[in-house]
Amino acid sequence: MQVNEKEFKPTIVAFCCNWCSYAGADLAGTNRLNYPADVKIIRVPCSCRVNPMFILRAFQRGADGVIMCGCHPGDCHYTTGNYYARRRMTLLFSMLDYLGIERERTRVEWVSAAEGAKFAATMNEFVETVTKLGENKRLEDLRCKEK
Amino acid sequence: MQGKMIARAKELLQNGTVNRVIGWKAGDFAYDITPAVFSSAEELDAGFVYNDFCGANFSKYLVKESRKEGKILVFLKPCDTYSFNQLTKEHRIIRDNIYVVGVPCDGKTDGETLKLKGITGITGIKTEGDSFVVDTLYGEKTIAKADALPERCLSCKSKKHVAYDELLGEDGEVCESNRFDMVEKLEAMSSEERFAFWRGELSRCIRCNACRNVCPACTCERCVFDNDNSGIAQKAAADSFEENMFHIIRAFHVAGRCTDCGECSRVCPQNIPLHLLNRKFIKDINEFYGEFQAGEDTETRAPLNIFDTEDVEPSIVYEKGGN
Amino acid sequence: MQRIGVFVCWCGSNIAATVDVEAVSEALKSEPGVVFSTNYQYMCSEAGQNMIKDAIKEHNLTGVVICSCSPRMHEATFRKTVQGAGINPYMVEIANIREQCSWIHKDKQTGTEKAIILGKAAIAKVHLNAPLTAGESPVVKRALVIGGGIAGIQTALDIAEAGFDVDIVETKPTIGGKMTQIDKTFPTLDCAACILTPKMVDCAQNEKIHIYSYSEVTAVKGFVGNFTVSIKKKARYVDTTKCTGCGVCTEKCPVKNVPNEFNLGMNNRRAIYIPFAQAVPKVATIDADYCNMLKNGKCGVCSKVCTAGAIDYKQQDEIIEEKYGAIVAATGFNPIKLDNFDEFAYSQSKDVITSLEFERLTNAAGPTSGQLLRPSDGKHPHTIVFVQCVGSRDTSGCGKPYCSKICCMYTAKHAMLTREKYPDTDVYVFYIDVRTPGKNFDEFYRRAVEDYNVHYIKGMVGKVAPRADGTLDVQASDLISNEQLHISADLVVLAAAIEPDKSARPLATMLTASMDTNDFFTEAHAKLRPVESPTAGVFLSGTCQGPKDIPETVSQASAAAAKVIGLLCKDKLTCNPCVAHSDEMLCNGCSSCEKVCPYGAITYSDKEFRMPDRTTAIRRVAAVNEAVCQGCGACTVACPSGAMDLKGFSNKQIMAEVDAICK
Amino acid sequence: MFKLSLNNLNDLFKAAAEGSALYIPADDGAGQARFTRWCDGMEMSKALKTVKSAKEFFFPQTESLVDFKMKGKEIEIIDPRTETEDFVVFGVRACDARSFSILDKVFLADPVDTYYKSRREHGTIVTMACSRPEETCFCTAFGVDPTAPEGDAVCYMTEDELFIEAKTEKGTAFVEKVKAVLEDGDASAVEAQKAAVKDILPKLPLANLSTDAFGGDKLMELFDSPKWAELSASCLGCGTCTFVCPTCQCYDIRDFETGHGVKRFRCWDSCMFSDFTKMAHGNPRLTQLERFRQRFMHKLVYFPANNDGEFGCVGCGRCLSKCPISMNIVKVMKTLEGESK
């Protein structure tokens, strides 16, 4: 395979809840379902642990896309966590969009422990979307990009 | 109204209902009015004013004042009462230590707004009907009140007092407000245009913290941005990211709690339309989760502290029209 | 500054094949704070664990990063390891370089680079780790089994045997479940009732077991060791304490046309009924949908004939609340509805039946008293076609993608029994594959083919068309001889796929237990913890976890019971120390956190504080009950001031991970 | 003295911007003036004052001091400064012009702040005499003559003409540079305008503000005044007054961790902030009263005490316009006047 050196490789942060999505990611691994190495997972107990600060922080530090995965609504290990997360992220993403940050850079996806295939498919698709968008310029912190 | 207020304040001081009054104090010019605590009839006579420039919302002062000895009298305009309720709901003020007198409001302006209309060198102001007659060093100017009011008053959401112990004057009604017009206009723009708009606005931020410090929803004992241990402390808007970050997080922290009192935009020395951030959240909350007005009462749960199993998915942000 | 040791696991070749483990341990050696870094074939092995322990001692490590498989796999293992070497178990972080890296990336360079970044993130986090001490919470020494089939019965009996109280909640008027409807069991052909009913009686007689029949779980609160469950006892309009089960009412009831669900609607029962003779509890139940007295107040026959005075038309649903230390889900299965398979003419012909209906037709207590007769005309069928995999292994979306596992064996059983009892009958079995793994299973199947001359045909039935003469035209393809067949059958038996009972999904929600896309409960680990749900204190018994035959169900039921017993034996449980904590100096007392806490773990109190400006003030501040908090973190985001943080997943720790990943 | 028709202002700017950066007051998106790097066609604001003063040209709101680059356990120290380019600030008012000498006393005193010094050396200040002072102006109280500002070169603007006069070597160089667009002018129009403004000055509402009660020798009586409590009572503790002030010179030095190292930067700080001068034990001024008092004591007492009686205020009036609660140095002075007598 020829690798184009200038090919843009996005940095993607995926916040995954421990009980569903992280397990789903594990299942994707167990089933050897490939998705790009650009995706790095951060384990959180529940999607409701994801603070908007974390998402902005990721963009600041050089992420080009941030995705949050949690249990399907109704299936939260903690009963209600993902419902709160859903509201929070809906509003936050809407605000980022309102500020002119490309809305495709943020995403929420519900992935159960059994959905390894969905996890891989989601990540493939998200990486593709973000790759098309290119580097995050609108919510970047240049200080963090100096190498 | 000013006379009535002074008279009532004196009565309440006299009969021991309260031991002090928080009100507006006259300054050197017609417009430079300072919030102040008055503890005697003499002080009230000497400095208490209530006029078209008394914009300051006193609710936040009550966080500290209501914890002091004795009961305090506060005059609240309709929009201030929403902040007052919100603070009561969040246990930030001790309601029992406050005596609220609701006072009517027809919109409040300030010196900076007049200056932006080209009126400078102001030495005096008279209200004549629907206009201000402004004496300046360079002659007399007349400006219609409707032209001299800031955006928050032009799109007033309510002239109704939602919390008070007594009212002076007639209570008003919740208004038909066009307050989301500008938000809608922005939403209709392309992503690039919105980005350019907000960069233009937020790049002026000098991080004086006036918006935060005046905000009745920002009453944290210690703000995360001031807390070196929070991991996101920021002292200055060192670059475009930090300008964005501060205002996004601040708006998020007050989302569902902001009553849209407009103090943030009033005090911004750089005239950044900060209310447009809060109004975006308010509008989204209304659209996604049903009409909600923070501070309308002291019971209803804030939209971010409750949910519905059928809530919209975050993907609505992508699906919604616009560009 | 921490002194961090990094241990990179090869996992044999699982990691080492696509990640250059040497390069990873070398690269991480130069990270700030790292004083030791190595790699080894199997870190989880005794030798690997000893390597970690030795390094902790030799290098005075304060924190440990293991680059290995998923923390869901071995985090607990390594926590114990480091604890053994004298450092706090929560000073370990795992970088998941197997599931998240080596197994999904084919290119070694890519895998290695990513593994290094994941390692750096774990190092960044461990820098901010603090020793955590787990609290304790008491265990209620009572278990709840939801579902009273053979799985629930076995689990309950085993738990009771160990001396613990156990309650069974069963939605039907009797326990027993599907097995009560089965005639014989493969491969031994013993009578199902003969082996099941004694167990049912044991349950009824065991003083440690309480049966809530005709009842449902409506709410579950709490957590492992301390669940509070609401159980709705549905009104059966019969006082179970008075009813003697004599059955007179069920004979006198004038409403005779109620489809009998026990016989799958193939005959009728009365509006007041006892499902079958060996029902436990053996008490009558009035079917409110049919009872004239309950519908329009006209009748009252059962009340008149009941000498015990047990009939109570005024009975209401009753909700009781009970506390449990452990909960076992044993909700079982049902054959799928065949609406999507109209090509088999199930809805058009009475002579197309499901296998479970076939069981009733051959059962002595069934509608035909055990005579195999066609439902349409009551005549003895001479040609019978069995169709396997109806809705199983179906990726078209009409059925289920999985193998229902039991159909091959029960179909062989049906075919064999038919041939034995009615040797003049031609029996055909259409199959995709015949799957017979299991003790004596293949021998059983071969007997059907070789000794009983059952015609096994590899191929699928395309269509069943009822003919005017009452026979069924079975159109099928024989894949081996590659020809189209038309068989004129008298009876067609469909081996319908099985699916989890519909009550499982809402129950899973109440239990916060996870389910797969087919609504089977997910086990905590597919191999190592197959009878536990990922939700602590919730265990899985029987087919609610996946298709199983009876011996497997019973094994799993006993296994679940063993897990429950293990839990109930403890007086106290160690709590998860990764719980929320409120910094009182930052707390505004706004109650946001309290509102989003699903466990009611947060309380407020007024406390006197010395403030930064030298004054003292009384402030309303939040406190977290660490035994109740489950560590979800909802409160941490609801809190605007950052007073609320989560131990083990603190704001700063997560941000440090973000930083490490993004740089 | 040279002059130029106001119609040709763009030509002047074009000439001035040749080879160096030129900053002029221009209206921002909100209609307020700020110093903006000139580009062709940009118009000068008609506002009397910019929101932020001109101090940020020499003492920027944030500036990088030193970078620490980290690779593994290696640390490399980098001076991020690049060659400062020559620049011209045009249209600085007399008050702001005076503020530079106050800032110089702080930053150029030993030890010299080399970051500041370098900018001072490269900057040319072209001031603009005031023609329409406003009600918030009180520079005369601090000895500033708004009709005759300091600066490298001074401009006077009449109805239709701009007059320019070099005052220093840098100013002369500037005038030389733009001379092509100028013509000779005589001072009579300028003098007439100066006289007109001098007529207005006594009519300003704050014309009679006196500094007599303040100065380096009034320390304890002012410090102990009971009036500080009511003065500071409604202070929000924001930094607006500080950040718009031309003379406030306090800064904080912070480290920003970039993921690859640390960027040490300094940024404006405000004594009104609760975390100002925070040390290991916290902020020595624990209450807003103390913080508020600090700001005014510094300007009116401490600064003159250390600088031959020179006050740390130039009377620009920005804080009067911008304070969210309209509390300001004038109100403080008027309230405290009686205290030190």
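Just so it is clear, A, B, C and D label the chains in written order, and each chain counts residues from 1 on its own.
The rule is simple: a contact is a pair of C-beta atoms (placed from the backbone, for glycine too) under 8 Å apart; a residue touches a chain by one contact, two chains touch by 3 or more.
These numbers come from a predicted model, not from an experiment.
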Problem set entry | Which of B-C and C-D has more C-beta pairs touching across its chains | B-C
Seminar exercise, completed: Ranking chains by how close their C-alpha centroid sits to the total C-alpha centroid puts first chain A
Exercise. Once you find the CA centre of chain B and the CA centre of chain C, what distance in Å lies between them?
Worked result: 54
Exercise. From the C-alpha centre of chain C to that of chain D, how far is it in Å?
Worked result: 72
For this session: Could you tell me the distance, in whole angstrom, between the mean C-alpha positions of chain A and chain C?
Result: 30
Exercise. Which integer distance in Å separates the CA centroid of chain A from that of chain D?
Worked result: 46
Seminar exercise, completed: Each of the following residues of chain A touches two or more other chains, namely 52-53, 57, 61-62, 74, 80, 84, 88, 143-144
Exercise. In chain B, what residues contact two or more other chains?
Worked result: 224, 231-232, 238, 304-305
Exercise. Using the touch rule from the top of the page, what residues of chain D touch 2 or more other chains?
Worked result: 256, 259-260, 274
For this session: Counting only chain pairs that touch, give me the topology of the graph as line, ring, star, complete or other.
Result: complete
Exercise. For chain B, which residues are in contact with chain C within the complex?
Worked result: 67, 90-92, 219-224, 227, 229-232, 253-254, 301-302, 304-306
Exercise. Okay, in this complex, where on chain A does chain C touch?
Worked result: 11, 13, 18-20, 22-23, 25-26, 28-30, 32-35, 37, 40-46, 48-54, 57-58, 61-63, 71, 74-81, 84, 88, 112-115, 120, 144
Problem set entry | Residue ranges of chain D touching chain A (in the complex, touch as defined) | 256, 258-260, 263
Problem set entry | Residue ranges of chain C in contact with chain A within the complex | 70-73, 96, 98-101, 103-106, 110-111, 113-114, 117-118, 121, 508-509, 512, 514-517, 522, 534-535, 578, 596, 598, 630-634, 636-638, 646, 649, 651, 654-655, 657-659, 661-663
Problem set entry | chain B residues touching chain D - in the complex, by the definition given at the top | 27-29, 31-37, 56, 61, 111-112, 115-116, 120-123, 136-138, 200-201, 204, 206-210, 212-214, 226, 228, 235-238, 266-267, 269-272
